[in-house]
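The two complexes that follow have chain A in common; it is paired with chain B in the first and with chain C in the second.
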Partner chain A sequence: MFNDYSPEACGMTAPPGGTRISLLRVRDLSVEFATRDGVVRAVTEVSFDLSPGQVLALLGESGSGKSVTLRSILGLNPPVRTRVSGEILLKGEDINRLAERARQDLRGGVVSMVFQEPMTALDPVYTIGGQIEETLIEHRGLERAAVHRRARELLDLVQMPSPERCLASYPHEISGGMRQRAMIAIALACEPELLLADEPTTALDVTVQAQILWLLRDLQRRLGLAVIFVTHDLGVAAEIADDAAVMYGGRIVEQAPIRELFRAPAHPYTEGLMHATVRRRQKGKALVPIPGAPPNLAALPPGCAFAPRCPHVKPVCIEALPPLHVVASDHVSRCHLVPERLASPLLVLNKGGSL
Partner chain B sequence: MWRYVGRRLVLAIPTLLGASIIVFAMVHLAPGDPIAAVLPVDASKEQVEAVKKAYGFDKPLPVQYLKWLGRVVTGDLGKSIATRRAVILDVRDSLANSLVLAISSSVLAFGAGIALGLLAAFWQGRWLDKLASAVAVVGVSVPHYWAGIILIIIFSVQLNWLPAMGAAADGGIVAYLRHMTLPTIALALIPLGVIARVVRSAALDILAQEFVLALRAKGLGHRRVFTHVVKNSAPQIITVLGLQFGFQLGGSVLVEAVFSWPGTGYLLNLAIFQRDIPVLQGVILVLATFFVLLNLLVDVLQTYIDPRIARH
Partner chain C sequence: MSVALLEARGLRKHFPLRGGVLQRTRAWVRAVDEVAFQVRAGETVGIVGESGCGKSTLARLLLRLVEPDAGHVWFDGEDVLRALPSRMKRLRRDMQLVFQDPHASLNPRLTIEDAVAFSLLVHGVRRAEAREKARMLLGRVGLDPRLYGRRYPHELSGGQRQRVNIARALVLDPKLLLLDEPVSSLDKSVQAQVLNLLQELKAERALTYVFISHDLNVIEYVSDRVLVMYLGRVVESGTADALAESPKHPYTQALYASAPSMDPDRRMERPPIAGDPPNPINPPSGCRFRTRCAFAMPKCAEAAPAPVAVAAGHDVACYLYDEVRT
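Entry: the complex of A and B
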């Protein structure tokens, strides 16, 4: 799935082994913002595919370009001082080339988004019911009674406590967990095939986090949703995702099925992330934060963006951008050291150590 | 909701009483004999007696104040020193004229200001925004009496399209409208600029919020998103509209003088120069009452639009 980066595969020919059709196909997506401090390269040459029902975790620390990637899929980058290049094919249609009207039909209809902070992502002066219903009216043009019935159904779907009262409530009148359920109900209103979830549990209480995560996983399975799930939390990613893509400095530096990624991380940054995260069966072990600071996106180095923080750095890392190495089928890593470390028994040891 | 309105009404009473005390004190602050301050120099003995009785000048001040307040509440504001007409009549006529100008200039300023502000916000950073901002800056920085004089020079003197003076109260509706036009424009400039700027920044605040992205992400069209933004910025916009309308009612002394428009500003101006204290008292009291009621209306409208406000 993730190893079809050869020019042939990126062209018109079907991807290798591909009876799986792409729901979303991102190719060489780059997003640049012109700011006072120079051109911020928030996303650089990002490529990946997503098939129906597939769950991809997008990992990476703050500022690595995860949210910008999601916004690009919706075609919702700021209209001025922004340069977007590359292709984003949603069911075969390039969102960057579509007319605004057609994009509006895709948003909410084919792809929707759930945000990190439901308090700020819901309109404070509209009721929950009003916000669900307007989505239905925009896309479906249903009549009042039908719209209301559907809104009620949606609240049942997201297991909202006292749904009837919730429909008439304003966002500030309900709890954080209920707000996030409402947000999910809005996102699912018009039966999208792809859900973009931007850290949907980060802003919630720990117990509520787990509930929302289970709800999302349950809905994903029942509705056969494809999901891109942005998170800092590897544990959360392991719960919900089939595959993972790790972003650093606006690039995807490693992509693999999630188990493979945990079993054999092939990028020093991914290894660092794992050391910096508490994992289920090793709570006692000390966390090792990754030393150094994230790169300045307005002045990215010519070589590997992680080189200044990398414990294994070599001269070549500073000079040249690492190519995408195939580690295993479905597993790629953008690191100069992959061939060397793959061949060396040290890597095996290292893998054992990091698990 | 109604309890809130009731509470606000009760809270407005002390404000109004405060204003009335200041207005009452004017009689005693004016230099010389308080009787002389409220009566013409050639007043008859009976008049002097009547005023003495009404104000109770021999009684302690609080008693005098209560007596006077009792009369004011029933609409008796005394007689003008200059015209000897009942002050309430002068105030009523001038208030009607000012109200007409205040409303016409507010309609113009609100409409144009809100439109400019919203356009500027939605096209932030593009030429439309820059144009709107330029108009707004000119609006707030040009003194309105000066703008009035320029308007007179261009449209009355040079082009001879519109009259420059008076209200033509007896000349029929068309003449009245023609007389209104220039003062309306002159009065609209400042609030237009202020409103355009406030609306722009209010709408930009809202546009920067995440829920606007969320609205777009669920596929809403421009018109629906626009409605959300307007509804969210409405409380801020209404605040500035209320304030500006209040200024329009009271703040037109100079423009009314330039255009000889017989409104409250013109009356105030006359009263000051003629030391006509009763008229001064009447105008100020009525304007203050208007201001308080307007603020009340604004607050009530805000709570109606934004359910979060009533809770605080």
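Entry: the complex of A and C
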């Protein structure tokens, strides 16, 4: 799953069904920004694969590098004072080596993106219908007559209430939930294979969030879409993802199938997050917060970035960057304690869904 | 039954929307309508509801930061809306608001020590004494004054800024804190720190809380009793347990069912309700939830249902519970 750790190397067999075909393959992606406060290492050596139809949640707190990772897949980082390294292979093509024109074709074709704030992503001076039609003409080369019919079909696809009226409305005239549906319709206009969704439900009310999550899951299944879903919310990830990659301080610190992540988190940060998150029926039981605050990305420590907040910290954690350890098939954790914990299962706190 | 520390009855606020050259009132935003509730000393009352349902406006009405159009507010037996300005100043000492946005609510030009000491100075406390108390409180909320006292707000993280806001609200030794989304802008790991701090402070200082949030899990966790608001009205109120175990109002049911389960094996089957909350400018007649309600009946459009007790201390404003009306 990760290039710096092959399953064979640790005596593991390949997953059943042979190697999955990868739609997206990210290898050692690093992104640095030169700022007044020094070099901000927003993303460091991030690697993962995504197969067609797979839903990956990119989980992490504010500033952990989720959006920068996502934007890198589209080559959307600011052109100046930015250093991007590593490979992003989309259907075998390295997008960092493509000319800007070819990248633009990718953006409207194979990959589309949905943002947190549809109000800023939609153009306020065009109607929703106009914006969908524009996308269709530009990227699909459809004719005017066909375009209107297709726009209407797309609004039906995202289950827009009163679609005809919506086509003629401007973004500010419709509700937040409808704007997000319109955004999704535009993203689907070019029949992408990969949808990048950056916190698409965070700005929505919980009853509307439930609708949009359900819609995205339904569309994903029907259209066989691969999705990378950025979220800071464990609950949202539990609703939508097949797998999750947890980011901390610009790195992926744990990756696992979503059930496995909830059942047996193997990184102290993930574990801490599970304990710190308020759940239903938790009244009267103490919350266990993670002490301290996230790291300064302009002054990352040489060892594990989580070490200063980690309840299990050892001297080695401060000195050396932990490698990715295999915890189970498809489950890796960047923590020095993994071998020890695997050897003596009692040390694996909270295993077995006591949460 | 103990006497309420804070009580509101029939509170209403409609904001005029003006337009045109003459700035005539074009429409009214019905932000808060006929809201009534009690907060007993030592309790935490949670107010939950979606964006724009009037939570922040309600908090401002209670403190008279916004004057209500109608209704009554009593605090500690005193009629707040009749209080003269000097008396109001005293009441605001006892009833402090922690604002929703921790970024906007701190003066960028004051060090955090000065920010916390500020209201003491306003209330005539000597400078040295004010500073001493500010430093003590900063320490109490987990910000070592020797390390953080001279910092400016932009040099703090969101969680640290929220701690400053809490210290600032406590500096006048209030009886009641109105907490408007105190943890909503914080990361989950930091949210838990602040929630624990608030629980400790409450026990230590015998505080009473009105805790506003759109996050049902947080509300359930901190509250003794909960008010559920929808488009300016309270649709249901009861103990946090009663609401969690048997929510009665169709909106409360939908709200609880919409919260993610945190369990990948128990995903939502289908969305509990369709549509967005309607615009508060022209809310639906009668029951404001009827346009999204699966149980809507003709009479729901005629008049807003009055709250009815379905159990002791558990009130629901819905015609489905009419049979229990006496």
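Criterion: the second predicted complex is superposed on the first by the 319 of 355 C-alpha atoms of A that agree within 3 Å, B and C clash if a C-alpha of one lies under 4 Å from a C-alpha of the other, contacts with A are read in each partner's own complex, and residues count from 1 in each chain.
Just so we're on the same page, contacts are C-beta pairs under 8 Å (C-beta built on N, C-alpha and C of every residue); 3 or more make two chains touch, one makes a residue touch a chain.
Values in this document were obtained by computation on a predicted structure and should not be read as measured data.
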Could you tell me whether chain B and chain C fit or clash when both sit on chain A in the superposition?
fit
Give one of first, second, both or neither to describe whether A:117 is in contact with chain B, with chain C, with both, or with none.
first
Quick test of understanding: once the structures are aligned on A, what is the angle at the Cα centre of chain A formed with chain B and chain C, as a multiple of 10 degrees?
70
Quick one: is A:205 in contact with chain B, with chain C, with both, or with neither? Answer first, second, both or neither.
second
Tell me the contact category for A:330 with respect to chain B and chain C: first, second, both or neither.
neither
After the superposition on A, what does A:125 contact: first (chain B), second (chain C), both or neither?
first
Which one hits more chain A residues, chain B or chain C?
C
Considering only touches as defined above, state whether A:45 meets chain B (first), chain C (second), both or neither.
neither
By the touch definition at the top of the document, which applies to A:189: first (chain B), second (chain C), both, or neither?
first
Given the touch rule stated above, what does A:293 touch, chain B (first), chain C (second), both, or neither?
second
Thinking of the overlay built on chain A, is A:93 touched by chain B (first), by chain C (second), by both, or by neither?
neither
Per-pair minimum CA distance [chain C against chain B, superposed on A] in Å
6
Footprint overlap on chain A, where chain B in one structure and chain C in the other make contact:
none
Chain A residues touching chain C in their complex are 61-62, 161, 175-178, 205-211, 213-214, 217, 232-236, 238-239, 241, 258-259, 262, 272-273, 275-283, 286-291, 293-294
Within their complex, state which residues of chain C touch chain A.
50-51, 157-160, 187-193, 195-196, 214-218, 220-221, 240-241, 244, 254-255, 257-265, 267-268, 270-277
Contact set on chain B toward chain A in their complex:
124-126, 209-211, 213-221, 224, 228, 231-232, 305-308
Residue set of chain A touching chain B in the complex reads 71, 74, 76, 80-81, 101, 104-109, 112-113, 115, 117, 120-126, 134-135, 138-139, 170, 172, 183, 186-187, 189-190
